[in-house]
Structure formats: C-alpha cells, structure tokens
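The following pair of complexes shares a single chain, chain A, combined with chain B in the former and chain C in the latter.
The block that comes next holds the complex of A and B.
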C-alpha cells in the first residue's frame, strides 16, 4: 500500500509538472488549427495526432490537464470553506442554527445539480473570455458542491461540541470563538483535509460532465471535459485511439488522488 | 423457326416472372426518432407523423424528389386557372381505399372540407389559406373536382403533395388509405408496423401491383448512435439523414453510405439588430452596419468550414436558397470569397482600424462579441471555433458560448440578450412561400429583428414588398424574378451570414433495391412503392 501511494504521488508530481510546464513541452499552441491535417494519426509533428480542427492533441492534453488540475483544487477549497462555515459552525452552535443548516444542506443535496448548473450557466454574462469562463465554471462547482461535506462536518462538530474536553474548556471560561479556534477547528482538520482531497476528483469529473454537455470551458481553451467531448458518438476512438489520452489521464489522476489519501484520514 | 421463337419468348417470360417474384415480399426496417404525434394525415406537424403519412397517404399530385417536378398520382391531370384561385383535377377511376371503399371526387371534396375546417387547426391546411374566405370544392363528376380559393395561392399545385386523401364514407376514417401501405400495428415506444395495401392502385411496367414490399417497420429510436449501430448490424435497412462523421465511418466499411450532393439545409450566423436589445449602443451600431456584417462575412473561410468541419460533405453557402433548389436558386450569385484584406477595407469605411492586432471602432472600443449556439451540436461548436480563429486574423475577438436549447431560444426570441447566434435552418420545401415567416419584417422568425411594426430599414421594406408580391402572383417567371431580387438583397445586406449548405447524406443497405438517395425528404424511401429487398442480402445482413 505504501508503494502504491509512493507511485501515485510520483505520478501526480509528473503530471502536475508536465502540465505546469506545458509552454515548454507543448509543440504547438493549444488553439493553433492545422487545417490541412484534421483528425490525423500520431506523427513526429503531432505525437498524439490532431483533433477535428487539426489542433495538436498532445498540446491540448497538456494545457487541459493544467486547467483541470489547477482549478479543481480551487473549487474543492471553495466548497470545503463553505462547508466549514455552514456545516461546522452550525453543528457547533446547535439548536435552530443546526436545524436551518441541515435543512439547507438537505435541500442542496436533493437538487439535480447538473440542471442547476445548466440553469445558472445560462444566466451568466455571455461576453466573457475563455479564461474567465473556466473560473466561472469551477467557482460554480465550488459554490454548489459544499453540501455533502457540510453534512459530515456538521455531525463531527456536534460530536466535538459535546465532547468532554470542549465542555471542560467552556467550564474554564473560554469564549466561544476561542473554543472554535483552539479546539474545534484543529480537531476537524483531518476531516477537512479528507473532504478536500475527496472533492478534487469529484470536481474534475463534474467539469468533465459539463464539458461533455458542451457547457464547460469555452473554446478554444482545453480542459479534460472538453477533450472528453471528442469521444462522443459511435465508436469514434476505434480509428483514433489517441482520443482516449485525456480519459486515460483522468482515470490515472483520479485513482492517484484516492491512493494518496492516507487510510487513517478516511477512518477519522 | 417458329418453335425457336416461341421457346425464346417462353424463356423471356419465365425470366421476367422469376425476376418479378424475386422483387416480392420482405419487410423494410428503419428508424423514426420520436413517437408519431398523430395518425390523422391532416394534423401532421412532426417528422415521425410525416413519415407515416408519406408511406400511407395517397395524394393527388406528388413532387418527384429527384427531378423536383410534379407528377400525377391519384389525379390523371390537373389545371390551375390563370388567376391562381382555382385548380381542377381529373381523377383516376377504379381505385379503392385499403378497406375496399371506392375512391371518387366526393372523397377529395370531403378531404378539402376537413382540411380547411378552422376548428381542426391543420398545419397542412394553413398553407392553403391565402386570404379570409371559404374554400369551395365542387364535384363536377365522379372523376372531376374543382377547388376554388378566395385569393390566388402561389405554387398551388405543389401544396397537394402533402394532402393525403381521406375517405368520405369509410367507417375506418383516416385509417382507410390510398397509399402503398396501411397502418397495421403500433406499439408505443417500440415500433409502427405498416403493411402492404392490397388495393394500392399503382402497377409496375410488367403489370405487377405495387408495392413490392410486404411491410415497413418503423422502429422508434431516439438515439442516433444506436440507429447507426443497428444499421451496421443489419437490423435496419435505411438511415435518412446521417452526419458527416457517421457517413465517413459507414463509407469506409461498405457502399451503403450515399452523398446525394448539396442539400437544402443551411447553417448561418446573424447579429442581434433588435433596437430594444440590452446591448451597448456602440455594439448596436456595429451590428446594424452593412459594412460590418459584410466584413465579418468576408473574413470567414467557408471552404475550410465545409472541408474540415463537415469533412467535405458540405458546400460553402451562397444565400437564402440552396443551389439544390434547381428552379428558385439565383445562379448569378456566387459564394462570398474568403478575403480578410477586403474585410479590413470594408471595416475601414466605417472608421474601424487595426491597432496592434486588435480591431477598434471609431471611438476606440475593442471589437469583441460573443456568438451563442446550442450545446450538444458538435458541428456548430466546431464551426464557431474555426470562425474564432478566422476573425482573430482581422483583430476581432469572438467568444463562443454554448447554451442549452431552451436558454438559447429564450435569448433569441424573448429577452434578446445576445450579440450573435449560430444556428441552422432545416428547409424541406422547394417553394419560397415557406420562407415568408423568415423574410417578412413582421414575422417572428425574422431573427435579427423580429416582429417589427414597420420595417426598420429600406431594404427590409423592399424584402417585404417582394415577398408579398411573389406570394400573390401565380406566374412562375414573375415569382422567380421577385425571389432573385430577394436573394440579391440578402446577399448584399447579410442579415444572415450563410456559412454552408450541408450535403444530403444517407445510408441504404445493399439489400434494398431500386433505391436512389435524394436531398429532398424523405431522402431514401421517396419511391417506397418501387423498393424491394434482395432476400439473400437481407439474410446475410441479419445473420
């Protein structure tokens, strides 16, 4: 298990480094269209071939990985912070605050999030650059994805609130804010970390789903979601197995994220 | 000598009999993409119902899908009066509906009466409504009928292609038909089964009664991927419309894929010119400028769109009417050539200037706009991305936004909160009258500025006049002149920037004989009564 974890960390480092250095490794711009060679197979010039518009697939996978890997953790951070504020604090305060928080969380969990995302995406301003569009997409994912994490945090923080050491701290005259800062948050940290790591692949997949629906990142910026859209249709990858590159990378990265998490954090 | 001659004759007769026998039987299968909404031929408004109507309905006149000419069917001959208000049919005799009731002029009168009943709200009937007033049908004899309209109807005879004649006396009502098949079974969500009409009136050159096929099974299959898979497996025999990607895939595997050449469907973009649209004033000024629209049109490489996005199975579009429409297309007009320098020149006339690779207007505003299109349409997204690169060459930044269809419709039809839109138009009517709802400035589908109380520009006023003039005259030459001018105005003003005309792509199994693909709907089974299945091939395909 330790070896698998080390391999996963190494793979994640390699993938992250390659994507961050995309400007160095990519043989072409992600948006350059080589219109004379659309859908071409792998060659010396285009290592993974080209897409339907003749764009170099290897370059797009590198840049797409950068986009998805940078912004999925950002979205996970947003959702985890929101979960702390809504779930963690409500669980600690208890009473009506907890009931309101749980009711809101249940409501968010019961919403068909994909339709919600589509609806929210539809009312956003149209004239935004691809860079802004991707920030909007991941921010939306972060803002709408806090509910499962909040539920876990609410329960954990309620348990901590009723624990002996917190009762003792309160009995000693510690203020609520200090109890929160000194005792609750540090004890919630492992759960927060686990939730954060779990959220990253969830957001990567959510963006991929949106991308497949054509509602993710705007052209010409690539992301794993928009790259996966190439696979739509009957047997497209049979002639062009390189179209699977983004999918293979997605599976590897998501698996690595799961392997990296120490089992004790899940247990906690 | 006589014995040899008789033997030869007997041999030929035997051969023809065997050939005719071979043409018999079999069940043709293909997919429709939704449930038919109705089996009443007068209420047809959707594609699946239209398929059933085409296969079951007997019509007085039929447009040949290849020659685009009108051919007599249940009517032996017909005559349109010089004023375009009256049409007289001479009918065939000795014809029976599928249930055995005889066909006569009374059935035509009954059908027209039902069709024009305002309470029925028949989409087919609406096409005949030229003016307020009653449509009078007079039975002149059992085989002669005259129909009088309150005002001239342009292209009157062609409209009868869609009027399936119903029986006035049959107990089975609309289920008694005169077409090659009748509806035998319908399993919602699964299939519609049509069986051979034993009373069908047509015979082949050898006197054999048509249709050759015993049945047609229409599978209800929404998913296009599954449709193609079923075709490859031999479970279905026809695919009416294919996209370029599937076409290439099928073409590489067999000879089943057919490209019938340039089709009627167009893909176009337009700028929002609605005065009340929530857009900055300087952008409204760009979008209403003819020079700006022309420049954008010149800066788009249509050849590349057709070659790369549609893999060569599309043609750069000229204008509102496709070259596939042999009579109505204005052949003087040529495709707008790709000319970025010409585009910059046209823009300079309006005070635009290129500043470090960025185009700016007179006031120094950066030229940037968004184009919306529907998500899930791969080809439109690819076209938009190619245009993005083309326009970058003249310093224009184009932001591509894909929206789910209801949101897109909301923006282009109600809130008008968009800058430009890329969509396609499905066109399956040869007569330009079908485009009235697009070109009249008061029409709701006049997308760049719909439902105007008075025409916003002089050229839109001219379009209104020309469209009304062509609709109110019955002289084809005059109508053609008017429509040529309409096409010229659209070409000059670019309210729609036409991009490509897609080819008519379809798939026909090698087991289907006598089939020839057309660009007009229904592309593959337009001569359904002459199609037959080669049983050996069918068995091989369905193994």
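The block that comes next holds the complex of A and C.
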C-alpha cells in the first residue's frame, strides 16, 4: 500500500509539473488551428493527433490539465474556508447558531449536488468569455461544495468546544475570537487538510460532468471537461484512440488522489 | 411513533418549501429574468408588449412570485414552459415514470453489485479479493458520470445500469466498512469460534447491527441516483426528468427549474426520512 501511495504521489507530481510547464512542452497553442490536418492521427508534429478543428490534441490536453488541476484545488480551498466559517464557527458557538448551520447543511445535502450545480450554472450567463466561464465554473464548485465538509467540522469543533483545554482557555478570560484562532482552528487543521484533499477529485469529476454537458469551461480554453466532449462523437474513438487521452489522464489522476487519501495520518 | 412520523412530515414540508423558495430566489436574480424574448417580435403591437411587461411586473417581488407559484401549485398549475411551449405539469407527468423506473433499476443494480463486492471483501479478508474489489470500485469512482453515459450509449446498454454502476462504489465502500466492523464484534467472534456457518453468522449476527446504517445509506443513495440520472438521461437521450432538467438549464427555462428543484428536494427528503424512520424502528426493536 505504501508503494502504491508513493507511485501515486510521484505520478501526481509528474502530471502537475508537465501541466504547469505546458508553455514549454506544448508544441502549439491550445487554440492554434492547423486547418490542413483536421482529425489527423498521431504524427511527429502532433503526438496525439489533432481534433476536428485541427488543434493539436497534446497541447490541449496539457493546457486542459493545467486548468483542471490548478482550479480544482482553488475550488476546494473556497469550499473548505466556507465550511470553516459555517460549520466550524457554528459548532463552536453552539445553541441556535449550530442548529441553523446544521439545518442549512442538511438542506444543501438533501439536494443532489450535480442538480444544484446545473441549476445554479443555468441561471448564470452562458455566453461569457472563456476566462470568466472558468471563474464561474470553479467558483460555483467551491461555493456549493461546502456542506459535507461543514457537517464534519461542526461536529469536530463542538467536541473541541467542550474539551478541557478550551474550557481552561475560556475560564482564563480569553476572547472568543482568540480561542477560535489559537485553539479551535489549529486543532481542526488535520480535518481541514483531509477535507480539502477529498474535495479535489470530487471537483475534478464535477467539472468534467459539467464540461461534457456543455455547462463548463467555454471554448477555446480547454479543461478536462471540455476535452471529454470529443467523446460525444459516439465511437469515433475507435478510429482515433487518442481522443481518450484526456479521459485516461483524468482516471489516472483521480485514482492517484484516491490512493493518496486513505492515509492514517488524516484520521489522527 | 406518531410523534416521530409527524416530525418527519413537518421536516419534509419545510425542506420542500425552503428548497422551492431558494429555487425561486435564484431564478428571480438570474440575469435576463425580467426580459421576455417575445418582445423582440416585430409583429406584436405596443399593447401586447405592455401586457407582457405587466405579466413580468407581478414576478418582481420574490414573496409575491413565490406566493403566486405556491397558489398555482395547490391548484395543480405549475406554470408554463416557454422553451418547450407546454404546461410544466404535463412535461413532468410524462417524464416522471421513466425516471422513477430508471432510478429504481439503478438502485437495485447498485445495491446488488455493491453488496456482492462488499460481503466477500469484508468476510474473506484475502488480499486478491480486496485488490480486485478495490480496483473495480476505484475505477468506477474515477470515471465521470457523463463519460459512463457516453460509453453506455456506444455499447447500447440500458442507461439505468449506468446509474447503478455509479452508485456501486459508494455502496461498496460504506457497506464494506460497516460489515468489517460487524465481523469484529465480540458476539460474532464467539459465534464463529463455536463453529457457526458463514451464512448463519452473516444473516444472524453481522447484518442486523448494520441494518440501521445500511438503511440510512439507502436514503442517501436515492439522492445520488437522482443526481446521476441528470447527465445519464441527457446523454443517453432518455426522455426523463434528468433530461428535462438539463434542457431547462441550457435553455434557461426558469419555471421548469423551480419546479424540478421542488420535486428533486421532495424525492430526496422523503427517501431520507423514510430510511431514517425505518432505521429508528429497527434500532428500537428489542433483540
């Protein structure tokens, strides 16, 4: 298991580094069109061939990986911070605050997440620039994905609130904000880190689903979701297996995240 | 018992009303809410355009908009879908049975496959079984629902099975953990040491303590199945509620979106409350 974890971490590092250095490794821009060779098979010039618009698929996969791998953690950070504010603080304050927070969390959890995402994405503008569409997509993931994490944090901070050292701190006259900053948040750090890490593959998959449904990142900017839209030409991947490159990479990365996740350190 | 049931019914009603209100609020603040495309029709007279604007004026205040919507709901009027040019109630009535059937089959497939993998993984504890079941579920967990739907279209397999396969890893992971815990309980170890058969131990000693949590999981899987139905129905071209939600989202059909939010909230809250009630009654039953 330890070997599998090490391999997963190494793979994640390689994929992240390759995508961050996309400017160096990519033979062309993600939007450059080679109109004389649309849908071309792999060649020396285009390692993974080209798509229907003649764009170099290898470059698009590299840039798409960068978008998905950089912004999924950003969305995870937003959701974790929101969970701290809503779940962590409410659990610490207790009473009506905790009840309201738990009720709101239950409300969010009772709605299927993908439905909520689609509904909210639909009421936001669809005809926006690619950069804005990235911000909208990943901000939505972050803003709507806080509920499961908030529930865990609420329970944990309630336990901390009732612990001896926090009672001691409060009895010594420490202000609530100081107790939160000095004693609660640092002790919640392992849980926060675990929740942050758990959210990343969830958000990667959610973006992929939105992208395939046409509600994700706008063209020509690539992301794993928008790259997977190529698979909608049902069965064309039989003639052009390179169309599966983004899917294979996504499955590898998400599996690697899962392999890294079940670490005992998080539990402690 | 009556008190618990009434508490759950009250919870369902409040959740559904708040869910609908959230949907209505979302719709009210959506860009382009107070603009009607029909105003661009040059054949319309000024009077017709004024009538259209007056119709929209009544929807500006959220409480009024929602009160009007709830009033309509009580009389069975769910509004009119402008994009599909039909009453929302008709669209939902037509598509609801298909989605319920698909979710039902999906849940059955998910639970059968999930438990079939979880039981040997928990009871045998041999590394090949652990590796195989872990690999199958990790692969299913790593594939986006939309891609699985595309694969099923290409293979011409039923969409409901895709919903089931999406549920499988979640059911497997939770039920395996519950069963592993169950197999470690002292009374199970005693029963095994006394030579009780594997099936006897499983059905009489391991499953009963895990039943309330498994029922709670059943409620959660309904919510997951409803969510999974959206991309799968949309991409497999199944005319169900999921496809309707996707069409409403793409066409920004706000009336449909509010109704679907209310329906989806109701389905998931009812399923969760039902499983909670069953679980509670099992917990209270004397051993």
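Things worth noting here:
The rule we apply is simple: the second predicted complex is superposed on the first by the 251 of 268 C-alpha atoms of A that agree within 3 Å, B and C clash if a C-alpha of one lies under 4 Å from a C-alpha of the other, contacts with A are read in each partner's own complex, and residues count from 1 in each chain.
Simple rule for what comes next: a contact is a pair of C-beta atoms (placed from the backbone, for glycine too) under 8 Å apart; a residue touches a chain by one contact, two chains touch by 3 or more.
Here the structure is a predicted model, which is why all the values come from computation and not from measurement.
Shared-chain residue A:96: touches no atom of chain B or chain C.
After overlaying the two complexes on the shared chain, residue contacts for A:33 are found with chain B alone; chain C is out of touch. Contacts of A:110 after superposition on the shared chain: chain C is touched, whereas chain B is not. When chain A is checked against chain B and against chain C, the one touching more of its residues turns out to be C. Judged by the touch definition given at the top, the superposed model places A:220 against chain B, while chain C stays out of reach. By the touch criterion defined above, A:53 lies against chain B but remains apart from chain C after alignment on the C-alpha atoms of chain A.
Once chain A of one complex is fitted onto chain A of the other, the partner contacts of A:232 extend to both chain B and chain C.
By the touch criterion defined above, A:173 lies against neither chain B nor chain C after alignment on the C-alpha atoms of chain A. Contacts of A:130 after superposition: chain B is touched, whereas chain C is not reached. Shared contact residues of chain A with chain B and chain C: 118-119, 121-123, 126, 213-215, 232, 234-235. The part of chain A that touches chain B in the complex is made up of residues 31, 33, 35, 38, 52-54, 118-119, 121-123, 126-130, 133, 213-215, 218-220, 229, 232-236, 239. Residues of chain A that touch chain C in their complex: 106-107, 109-115, 118-126, 201, 205, 208-209, 211-215, 225, 228, 231-232, 234-235, 247, 250-251, 254-255, 258-259. Within the complex, the chain B residues that touch chain A are 225, 228-229, 245-246, 249, 304, 307-309, 311, 368-370, 372, 375-378, 381-382, 384-386, 388-389, 397, 399-404, 407, 417-419. On the chain C side of its complex with chain A, the touching residues are 15, 18-19, 22-23, 26-27, 29-31, 138-139, 141-147, 150, 153-154, 223-224, 226-228, 230-231, 234-235, 245-246, 248-250, 252, 254, 257, 260-261, 264-265, 268-269, 272.
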